[in-house]
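Presented sequentially are two complexes of chain A, the first with chain B as partner and the second with chain C.
Moving on to the complex of A and B:
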């Protein structure tokens, strides 16, 4: 299972964060900072793996003593981390032993390709400004931590449908409301 | 009203405005965010859903990117989820998935909306609901929505069905009884023609099997079919992962799959699949040589690949193999060693692990030597990786692979001098441990310690302090092996020791005392010989021979009684923890340096006085205490010595009156050999009546106020000023500390009197037990209640010593029969059947047993019990009782009516009817499965005969043979 997807730029600013299990927000950002501090120290052209155990820990670390409830620990998972560096961005996937490391690297590729198709030469700014679309894409590829779609065309199809649907509902919304508002005067 | 809503709408900043504003802001990010949040808090209360959704959308962004806590907006998310507009709904669902957790109170309000959206005709709405459910489902939600998920499992739209399949994982996890409803349909999806569906199902089973593989053994034939037929790499990887979990449980299964997996390994062009095959073979099919050979040859290819990722994974695969097939590592020795100098730290660390796996008794010297040299040249991080793994490997199982301890001790000394060394704690531990365990290594140990101690430069390096601490202790403890006493005592007293933290300084001072006592002892002995005082009455002089511990202790307690008060008994002996091995040291070669002259002795005493006198004002109690002790001792002895010297000419025999008695007793006390202590020693100490170890001591802190309890390791460490401190404040502090300690020690004293029974019979150690734990005995947990236990242990270790295996030239290493090392968690522990209820339910379904539903069924929270009762009533009306028995008290959605027609995929809206159908369908499948079983049996009869697998497996899982063969 995939435990988290992170995209951050080379300055360490998070651009996409998606956690597939409950993490308190502060912990999320602590983890992101830790990941970044490891990533930025790594040279180019070295392997794309990072020992994530120290950052995300085996799942038993997923108890948060400061919370008034304890999320149920799901298993004794290990955590592995792969990342890829594209231009100004790091794409980071954190997952456990039920995923294949090389397949995850491929999945990053799929994700980036889809983004590229969607935004035509995707750059960091596209990701900054298209929060919901990015999440729609990611949600089509990974569902609840499981990979459900690996074809970027299929993902694109679904995302376009969703965008259309959203646009349509918004359009109706604006028209109808302004009309009704004018009338009610 | 309407106007204000328009105004809100028109002037509300959109998410894009927010992001732009954020990029241009000049007031600082956090200020900007708090302003934005203020605005959002206003907007989100709006009655206009559009305003609200934009506000929530902005909030989600701030949460995901800037780490804002948005749990306060949970109710607004629920409101928007129920909006009829898709865009609003999606914002609501997104916010819920982002911020809800099991304890979110408004979660209860979402059930109906989720149910509505799950059954929505719009696949995207259903998809939204599933997406959120996969993240937020709780026990209640999972139970209440099981019927909807169940019906989506056979949805005509692949887009929705695959998500329903994936959500099942979370539903099963939270509500295991959903298995009874959904499992059959889940398995049916495995036979779907749509690759996406198969991929999703296999993914779910991969997750399930990783938690409790045994339950899924009966599905092996289905997975086998996927393995053989499937061409999708994603699915293949997941199936391989499933088999990696199943194969170790069932040898016949392993036999069946090894060939297809090898086939895939040979044929596939995808490195990921190939690697997964390799890993599966190496982890789970270790008994199949052909497979292993192929896998190792593939690993070899990986190791020389240009891609660092593949090299890294290749090394990982090798280390998986190294446990059972060390030959595979040896075969690739060159690549592995080459990787040690790879620029990628991952690869370096991995290859280091493999190198260490290759270490054996015969090559440990060479490999360790090479590695330590290499460490010198590496970057600090990797250097410490190397040192750490050398230390771990060599000390594994009480130095199992070390034959030449002289070499190893020197290596430890070498490591200590490596500039970047961060492993000082481990080196410290091992130096002392070897001292205690390996008698023959002590000579070399003292040499190494001397070399470390006399180098004043080392004192400046804070990282080395722990090692110096060990060296000081070793030098003091085994001083009789030292070549040159003067050198050592000078080293221990050198002025730069003020750079040491107080706790370590205390060890230095204590060691100095030991050395001094030894010097005095030698001096007296020498005088004796010189004066030829024959027939000296004192039986202890000049003898380091077997004195029973009792007599020694009696002597020292006598001494205490009649001696003056300045002579602090704390230094008379080690605390009894150390009295574990008392043995004859008489045969040890004592090689002192130049003869000790009277003048030298006096000079030495003077110098000790000079150096330590300022320390009596030291702020650290340990240092202060020990310095005072040694000073008192020095003054006492000096007076006597001078006295003697003046009288020496005429009354030679007088000199030994008091001073020699004292020194002999001190010496005897220190001569006691220390042995290792079992880690379980504490456990064997009977807990005295009335002592509640688990009692909460919180109130103790209130009692003690600000008095810090001295603890063995941390006390006084890091105090910024050591050395002399004479200003008013610090003396004030000192007094405080001291008075606190007096209280402490008196209460301890009383406590001991009460439980006197548990200490050594002679009470002489009362105070010294409170003392700083013996040098830095790594195992002493400063718990003094162990005294009696240690006596027992002493006997044990003595007993043990009598049966060393003399076949080897290797020196005897003292080992305790138990608890020598903290038992490591067994690495290959089979994953516990974590969720008994889940696996139980699955077994019920797969093996057709009719056991009662698992306990979890009875413990879902009470909130919903009324609802369930209703459902039960509703259903109970037309359940024939006989079926009810058969299914066990199956409650909830999956109830049935035998009369309804079978295999009908048309779902009626009314839940009750749907329920009927499910079961019937299930039964239909059951029959199918049974047929399948029998056909399997016929078809594979031959193979079954061939496979003469162990019977115990069969008895454990009676159903499996039919499926497998």
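Moving on to the complex of A and C:
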């Protein structure tokens, strides 16, 4: 499963962070700092993969107390990290061995493509100011740590639908509110 | 001026439309963007926290405002500060009816709370309600929250609703419900084990997306217990087949690949199901072959699928044809310029190497290139591969490399890891004890505190026991070499504690053994150690014990002990030590030194470290004493469990009978506790009654390890081979490139269509663009390759005369096929399971592991992948190299392959990274937008890099 998604700028400031397992704030921050220090020390034309075990520790093992045999150790100590550098931002996905590195790299691509479609020439600022929308997009791509959708058009459709409905319910809300205000008067 | 700026900002935001935030928030972002230091940033954030705390306490906050506050809280927490004071407001927001607020609330709680947070209890009810909502977006938002917030205690509260949603009419909801159920399963398998069949059911969902979602939980399930899912093999295979044949709707295509993420998951599942199951594997061969053939190796995702195919092929029951095509794919990966693909190639190689060890030798130079690559990730992956292919013949080279790398890095985590790998390999394959000790010294010196203490004990044991043969001369030689090396190392500053312990122990045991060094010299050194590391008590303890041994040996040998003044003061210091352990050791030393030679001999005999210390567990030497005591009327000893009425069954019974005879009465109630007693007592074996405290670990004697029993022969072999390689290089050229070019027309057909027809042209072209620098390095690499891939160099030498013969007869430039007949001198027999397929003419396993053509091919390719080539000029500079390249049929062939590769588009990634700054005019219709945005970026101080606001332009291309 995907364990975390991080977006940070080239100065190490986090822009979007999403951990699919619970991490205390301090540990999140520490991890982000460590990831950043690894990323900025990497040369330009090298692979997009980093061994992240030292930062994120081994994946949790599934335990199956109800089984009479214990399965062979699954996901032995592996946290992999794939990152991609776009202009001022690093996009980082952290995941375990049940995912494929190259596929994750393309998932970053899907994410960024979708952002780009959504904001027309997306830049760091869009991400800063549209926090909830970015999360909405991300939630349409990754759900509970699993890949949900990989087509940016599909994601866009879903997000647009949400925005539309949100706007609609907003309008209803405003009306009802003004009505109630008026009544109370 | 200030105003103008603000107006500009507002304008820019207006055009953006999405920034509905207040000026306050903008200012916050701006000031954080401009913060020069972490401290300044922290100050700003702390001020923001104060503001938010105040604001949140205000009565009647409008909902829009509230939403922004929550977002600001998230922002604060993202920057690493505690925002827990606002959690409750986020929880309240989930109760709101308005969708945007509810969604924001859910977003905030999923980011804020852990699944065992106290506030969860306030949300569960809302989630339950929302899961039943008519609005599917509300349901989705709730499902999203469910994944993160529900733990094994709260699962039952929402489980019925989630299961119900598996049949929802919207496929998006079904998909998410499957995933939520999967998450439940991950968190608490027991709670949903009765619902596992739902995943199977969803596999047949008529929406491919839902089917794809169900693959994730099925993968987990298959990982745990493949047996119960064997019946699904045919379903998975047929799904994979349909996907690969593009039966899914076009919308599932990604970069012209049909549903690659589903393919990847399916291949992973098949790999698990086919592992060790011939029948299941056979049903997969066709579809795997199809996918490997069809997959587009020019895109990232195509390569991802190809890589999964290799993993699958390597995991299932081997099929020679598939192995061969997998090897081809690996070759493509390794020859690629992309580091990502090289990484995947190395990883895949590591998987395949178990099945066909010879494949690594085809790529040896590519592997060495990766080893020397500046990319750390790639390097580590390559070490992983080397670890897998270590044999006694190449252990020295590999471990030396590992140690060098270990010294060069500062990442403690990986240092520990690679140090343990070094130790493991050294223990397993060490060619000689001397080498082992040297290697261990290096490991200890540079990563001493990171390795397991057991390693140190192993090393001491090895020095004590020697080779395990009855050859005292070599053993003592080994010991004195260890002593010498330690005396040298002692001078180094800041040695790790564990290494010092080993040094002290060895010096104590063997420092004076060969008579080279006097007792006072060694004891002086020991005192130096103790003084230099005076705050390390363990080292001090080792040092004083070592001193005791030295003096004891002196006394036993009848020499007079005259302590150095520093030793005297050291001992005095320890006599008054706070540590009772150190104190005791010091007193023992004093006592021992005062005894006569014979007594000392009995206490600390020299060189008996390997003798078993016999522990008399029955304490039989006390029997006489016990008998005496019993005769005098003492009670015989009753074991503790017997005393407590926990005696074993037979005892109990006899006691019962005894009792019944005595009293004639029986109390039925006493019978009851019998069964538990029985079960409790059973495992207690009578021999274990007396617990024996383990001897101090360094005094312990262990069964002799089989370190390097085969390895001495191995090392001599290795040396032989290295010599051979060098000799070969020294020989003059025996064939010229021109002679081989004439052969090219006849060879081409054998290579298949993938090879570009203008073989000669490409070859000469490559000559023109050559770079001689590379070739000068090559001998080094070649040597390394020879030592790493041991077997290859030897046969190459042998078969050099056979080159032409095989070429002309087989006519196969591929080399592997043509030279098969000649190269029957395979070092390792193919794994037995491969033999099942030996009726096939092109069995991969029968390929000579040592094929010179392949080797040369690898050589050429690697030199080309680094954009350098050799040419005729090389011949004059380094004629010995040319002799290697002499067989230019192979080289030409490899050039062809490379040429073919290079004409293909080289993956999306390589292109993307290069685009950063582009002229503004390229931006097209969005130029104005972009300019505005750029201006805003600059104003806000958010990292205005490059002139181009069109940051993600590369995506559009």
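FYI, the second predicted complex is superposed on the first by the 167 of 185 C-alpha atoms of A that agree within 3 Å, B and C clash if a C-alpha of one lies under 4 Å from a C-alpha of the other, contacts with A are read in each partner's own complex, and residues count from 1 in each chain.
Keep this in mind: contacts are C-beta pairs under 8 Å (C-beta built on N, C-alpha and C of every residue); 3 or more make two chains touch, one makes a residue touch a chain.
It should be emphasised that the depicted structure is a prediction, and the values quoted were computed from it without experimental measurement.
> Quick one: chain B or chain C, who's touching more of chain A?
Counted on chain A, the partner with more touching residues turns out to be C.
> Which of the two partners, first being chain B and second being chain C, lies in contact with A:116: first, second, both, or neither?
After superposing on A, A:116 lies in contact with chain C but is clear of chain B.
> One more residue to check, A:101. First (chain B), second (chain C), both or neither?
The answer is both, since A:101 touches chain B and chain C.
> So in the superposed three-chain picture, is A:48 touching just chain B, just chain C, both, or none of them (first/second/both/neither)?
A:48 contacts both chain B and chain C.
> Would you check which partner chain A:17 touches, where first means chain B only, second means chain C only, and both and neither mean what they say?
both
> Now for A:166: first (chain B), second (chain C), both, or neither, which partner does it touch?
A:166 contacts both chain B and chain C.
> Quick one: classify A:25 as touching chain B (first), chain C (second), both or neither.
both
> Please report the chain A residues shared by its interface with chain B and its interface with chain C.
Common to the two interfaces on chain A: residues 1, 14-18, 20, 22, 24-26, 28-29, 43, 45-51, 67, 71, 74, 98, 100-103, 105-106, 128-129, 131-132, 135, 139, 143-150, 158, 161-162, 165-166, 169-170, 173.
> Looking at the complex, which residues from chain C come into contact with chain A?
16, 18-19, 21, 26, 29, 32, 63, 71, 74-75, 77-83, 97-100, 103-104, 107, 111, 113-115, 135, 137, 143-144, 147-148, 172, 175-176, 179-180, 182-183, 186, 189-190, 193, 209, 213, 216, 219-220, 223-225, 251-252, 254-255, 260-261, 264, 268, 300-301, 303-304, 307-308, 338-340, 342-344, 373-378, 380, 411-414, 908-909, 912-913, 916, 923, 926, 929-930, 933, 936-937, 940, 942-943, 945-946, 948-956
> Could you pull out which chain A residues touch chain C in their complex?
That would be residues 1, 9-11, 13-18, 20, 22, 24-26, 28-29, 32, 42-51, 53-54, 62, 64-67, 71, 74, 84-89, 98, 100-103, 105-106, 109-110, 112-113, 115-116, 119-126, 128-133, 135-136, 139, 143-151, 153-154, 158, 161-162, 165-166, 169-170, 173 of chain A.
> Which residues, counting only chain B, touch chain A once they are in their complex?
2-3, 5-6, 9, 15-16, 19, 23, 48-50, 57, 60-61, 63-65, 67-70, 85-88, 90-91, 94, 101-103, 124, 130-131, 134-135, 159, 162-163, 166-167, 169-170, 173, 196, 199-200, 203-204, 206-207, 210-211, 233-234, 237-238, 241, 271-272, 275-276, 308-309, 311-313, 343-347, 831, 834
> Would you pull the chain A residues touching chain B in the complex into a rising list?
1, 14-18, 20, 22, 24-26, 28-29, 43, 45-51, 67-69, 71-72, 74-76, 97-98, 100-103, 105-106, 128-129, 131-132, 135, 139, 143-150, 158, 161-162, 165-170, 172-174, 177-178, 181, 184-185
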